[in-house]
Each structure stands twice: as structure tokens, then as C-alpha cells.
Amino acid sequence: MQQKPDNRLKIENLTVFRSELPLFEPVSFSMKAGEAIQIKGTNGSGKTSLLRCLCGLSHRHQGLIRWNDANIDDVKDDFYAHLLYIGHALGLKPKLSIEQNLDFYQQLRFTQDQAIILQALEQLKIGAYHDELVGNLSAGQKRRVALARIISEPVSLWVLDEPMVALDVEGQAWLERACNQHLADGGMIILTSHQTIEGINGLTELRLNETNWKETYLMDEGLA
Amino acid sequence: MSSPLWSLVKREISVVLRSQSEFVYPLAFFIIVTSLFPLAVTPDPVQLAFLAPGIIWVAALLSILLSLNGFYQADYEEGGLEQLLLAGVPGSSIVIAKSAANWLVTGLPLVMIAPLIGVLFNIDMQANWVAMLSLLLGTPTLCLIGSIGMCLTLGLRNGGVLLTLLVLPLFIPVLIFGASAVQAASIGLDYSGQLAILGALLILSIILAPHAGAAAMKISID
Amino acid sequence: MWTWFYQLASPKWFYQFSNKLLPWFRAATFILFAAGLALGLLFSPLDYQQGNTVRILYIHVPAAFLSMFVYVLMALSGGIGFIWRIKMAHIVSVSCAPIGAIFTLLALITGAIWGKPTWGTYWVWDARLTSFLILLFLYLGFMALHNAFDDRKTADRAAAILALVGLVNIPIIHFSVEWWNSLHQGATISKFEKPSMDADMLKALLTMIVAFQVYFVTVLLQRVKAEILLREKLSGWVKKLVTNQ
């Protein structure tokens, strides 16, 4: 694995805005090799928005996101080379086969390693279908294909949005094992989940607290 | 060749070729729309030959407009676009790759089928050649301009109707010079000026459209 | 100089600034229109060919001029807002759109009214009218796109890109339509401006152009003020403003 154990991600006073209102009270945290964070919060508390800002996809935030002490927008190439983000939309093409999908994402990272793809699919118990079109798979199987990327594209920072959703018990157990292995290898993980995850070693929790801006705003509207 | 741009074009094309809708529908649309005109206006060969350049060009323009959605919307909704951006592929490269694939899959077949429509509309060989040439130069511009409109409307409900409103006015110069080249050729006039302008418009849109499209794409994904 | 520029970019300061300016612009609009209309309708001569019909030119030409000018202003301020992320620039850009669209519509309608006695029909595919029709589509596209987004910042940035794309295209569209028109109609009698114009007519026309410009600034400031209030509704100074009155 091509880990750089000295990578650091630092978040300072970060909050995300929707329609000019902050979604949650500013959060700060920093993480280094071997650390994992679970972001918790109610529906609509801004977990997904936070992850999208962390990845530089969205800029609706205030506060600092620093990769090795530099703003992520300034070190985009280096940051993205170390980042794997799997969101609600899995980024899989239904008209391509499982293997073609995974192969394409490898190519974007300038690597091609069919063996590791097959190995990942094997671990996830979908190796037998590697030629099947993604469009013909069930939701849980699609999630497995997307998660196979954490094996087929070895990078140090995983950002996973609700990775447990649609996975069966077996799949969840696999994901926890993979996460533990990744942390042992010096990787970093940020994930969101509604449920409490017990199987990942040293997982710290970060709770997003709703701001009271909304209430005061609504009250003001009522008065005016 | 394993440069990301090329693998992107390859992926776009293979995805589109697997769902015949993107590939066949615009072409079928082109043929059906053009064949409506003799029924609606007149079967008289002389008048049809006079109308043919405009009909071919309007139908081609609408076919391209129809085809745009298939290259962007699904990719946006499935999360493919954001994964490309996260892989460090510049937005402008995505627009170029998608426009190239769009043109190869939709524009090129239109260019090839145009002479057949020309024959149905009774225009002579020379004009048929010019119809092909003008479409060859004009349709890529339409794909590129269309991609800007498409990127602007990606995340919107009713994006399709809005796309029409945004993009059609911008298509007008291409329509004017494209149709006029064919018309000039059919009455034996010089048409090189129109083709030269179509070429200039193509170059201009190759230079500018990917950047505008990329900026729009980032806004839609934000 | 720079502090002034920064102040201009602050919505609160701009709001107060336009409050100070507005009475003057309102008065100037009223005076200029009174003068321009009097000059145009009462004190300028008849056209030897067109008779009284020519007087519609005192509305048509300024409206046509402004419809182009407002688009450029809209696109440039949108571009400034996009590049330097200045909220005020977007507010100005967005406020320009409906005003410009109305000017374009006015130019089209007055053109059609002028066309009836002159050409014998309300609509001719004349280069000028066709260009304005397309310009109207561009305005409608801008407004429709801005309306389509729920989030105002996203809407601002997307609409700014569209306006800039339109700005690049306007000369091309204009040129292509002129060229198309010359191809199909030869030399037309569609020219509104006459090569040599009577001094009184020119005086009236220029007054009307200035009147339209001042009117535009008045309406723009008014719209900008409304837009600022809408966007800054959460900030303290707007709350104070609303509750004090």
C-alpha cells in the first residue's frame, strides 16, 4: 500500500450553509494516520453537505479545510490523489459491467490492476458476477461494487457517506474488517452513519448540533 | 492509450452505444421530422428543393438538442460527474470528452444520413455535398454550445424545457450560415464564405465552450 | 477611491446611497421626459415621407439602445460578481434583467406599430427586429434560469455564466442576422435613423435617450433596493429598518 503516514487533515470552525443559513454549529477536528471519525447528526443536519465540502465538491461552507497545512483548493491534485469519496450517488454506470466500472476508476488514477479488482469482488462475494451489468444488480450489490473501490484503489483517506446503508450483516462485517485493516495500515476514514458502529477500532464520534438560527429567524418573520 | 481524456471518450461512447435510445432516437427523429414537411407543406419537388436546406438544418439542430440530455443527466444523477471531478479530471476535459462522444454518436450519423434526406427533397449532388460539409462543420459547434446549456440546467426540475430556451437562441448563427451554405450551393452560388464562418464558429466554441461548461458544471454540482 | 469601491460593494451602504440618489433621479426622469416628449410630439417637424409616424422613433430608438446597453451591463456586472464573488454585482445584474427585457419588448412593439403604416404589416423579418426578438429570448433565458434555482447564490453564478455566454454571442448573432437579412431582402427601407436628421428632431431624440437612461437608473436603483432587502432580511440593519417604520 502506498500510504504516506504523515498526511494530516485539519478542519477549523467549519460550518455549511443552506439558503444562507448555517446548518450546524461550527466544528473543528483534525486527524492523522490511523484515525477514524464518524459524523453523527439527525436527518438534514448537514452530514452529507459537510462531506461534500470536505472533498472540495461544494463550497457552501465557512471555515478552513486543510490538507497537510494547505487549503485543499490549493493542493487539489495531491489531495485528490489521496482521497476516495463514495456518496449517496455511487458513481456507477448501469450500462457497464462491474469490472468495467472499477477498471475505469483505476484508469483515472493511472493504474490498471485487474487482479486486485477481482480480489476485491471476491472478498465482497460478487466475484462471480464481475461481467454483469451494474444496472442488473440490487441496491445492496451496487453498494458492494462501489465499496470494492476502497480495495481496488489504494488511497489513504476514505470519505464514506452512509456506507452501511443497504448492506447485509455480512457486508457490514466485511466493511468493518476492511476499515480496521486500513487504519492499521495508516489510513484515515471519515464516515457518516445513523447506527452505532462498534466494529471499527478507535472510531471517534463527531456530533453536528443544529444551530438555533432557524428558530430565531422564523420568530422574527412571525413578528415582522 | 490510457490518458484519462481518451478513456473518458471511450467510456462515454460505449455507455451510449449500449443504450440504443441515445444513438438511434435522434437519428430517427431527424428522419421523421424532415419527412413531415412534404406532408405538411407540399410534395412539389421544386418547392421542396427550395425548403430543403432550412428543413435539414432545423431538424439536425433539434436532434442535437434532444441528444444532449443522455450525455449529462444520468451521469450527474448517478454521481459519475462528481467522481470525475474528484479524480482530478478538469471540468473542461469532461465537457470536451462528452461533446466529442456526443458528436461521434449523434452528429456524425446525421452528417451521413443528410444526403439521403437531400435526395428525398430533390436537391442536386452539389448541394448534397455542401449539406454534408456544413453539418460536419456545424454540428460539433451545436454539441459544444449545447453542453453549456446542459451543464447549467443539470440539477433542475424541468431542465429540458429550460435548456431549449437557453440554447436555441445561441444556435441561431450556426443555423443561418449552415442553411444558407446549402441554399447557395443549390442555386449555384459560392458557398465557401458560409463554410468558412461555420469553421470559425467551431474554433471559437472549441476554445470557449469547455470553460463555460466546466464553470457551469461546478455550480450545478456544488 | 478604494474605500469608496469597497463601500459600494456593501449592500447596506449601497442601500443608503441609493436612497440619497433616488429623489434626484426621479425628478430628473420627470423633467427630462416632459421636455423630451414636448420636443418630440409638439416642437419637431413632420417627416416628409412618414408624416406623424416618425414620432414613434422618439420611443423606439432609446428603448432599442437601452435594451442592448442593459444586457451588456447585466453581463459585465454578473461577470464581476462571478469572478470576485461580489454580492452587490450579482444584485445589480439580476435587477437589470427584467428592465432590459421590458425595454426590448418596448422596442419590438414600437417597431411593429411603426411597421404597420410603413410596411403595411405589423411584422417584417427585418434584421433589426429579428435581432431584438433574439435579444428578448436571451433575457427570458437569463430570468428563467435564475428563477429555476432554489439557492440564490447558485442562481446568481449560473445566470452570470449564461449572461457572459450571451455577451460573446450577441455580436455574432447580430452579424449573422444582418448578413442573413441582406441576403434575403437586399437593401431594405427599414432604417429608422435617417442619414441626415433635422436639428429639431435630433434634439428631441437626444433628450429622449437621456431621459430613458435616467429613467433606467431610477428603476434599477429601486429594484436593487428591493433585492437588497430581500437578500439581507436576516441582517440586523434590515430588521431595524423594518421595525422602526
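The chains carry the letters A, B and C, assigned in the order they are written, with residues numbered from 1 in each.
The criterion applied here is as follows: contacts are C-beta pairs under 8 Å (C-beta built on N, C-alpha and C of every residue); 3 or more make two chains touch, one makes a residue touch a chain.
This structure is a prediction, so every number in the text was calculated from the model and none was measured.
Each of A-B and A-C has its own count of C-beta contacts, and the greater count is at A-B.
Centrality annotation: B (chain centre taken as mean Cα position, compared with the mean over all protein Cα atoms).
Subunit C has its Cα centroid 32 Å from the Cα centroid of subunit B. Centre-to-centre, using mean CA coordinates, subunit A is 37 Å away from subunit B.
The distance from the centre of subunit A to the centre of subunit C, with each centre set as the mean of the Cα atoms, comes to 48 Å. The residues of subunit A that reach two or more other chains are 60, listed in rising order.
Residue positions of subunit C touching 2 or more other chains: none. Residues of subunit B found to touch two or more other chains are 222. Interface residues of subunit B, counted against subunit A in their complex, comprise 2, 4, 7, 11, 14-15, 18-19, 75, 77-80, 82-89, 221-222. The touching residues of subunit C, counted against subunit A in their complex, run 150-153, 231, 234, 239, 242-243. Within the complex, the subunit A residues that touch subunit C are 18-21, 60, 217, 220, 223-224.
Residues of subunit B touching subunit C in their complex: 148, 152-153, 156-159, 162, 165-166, 168-170, 172-173, 176-177, 180, 201, 208, 212, 215-216, 219-220, 222.
Against subunit B, in their complex, subunit C makes its touches with residues 82, 134, 137-138, 140-141, 144-145, 148-149, 154, 157-158, 161-162, 164-166, 168-169, 172-173, 175-177, 179-180, 183.
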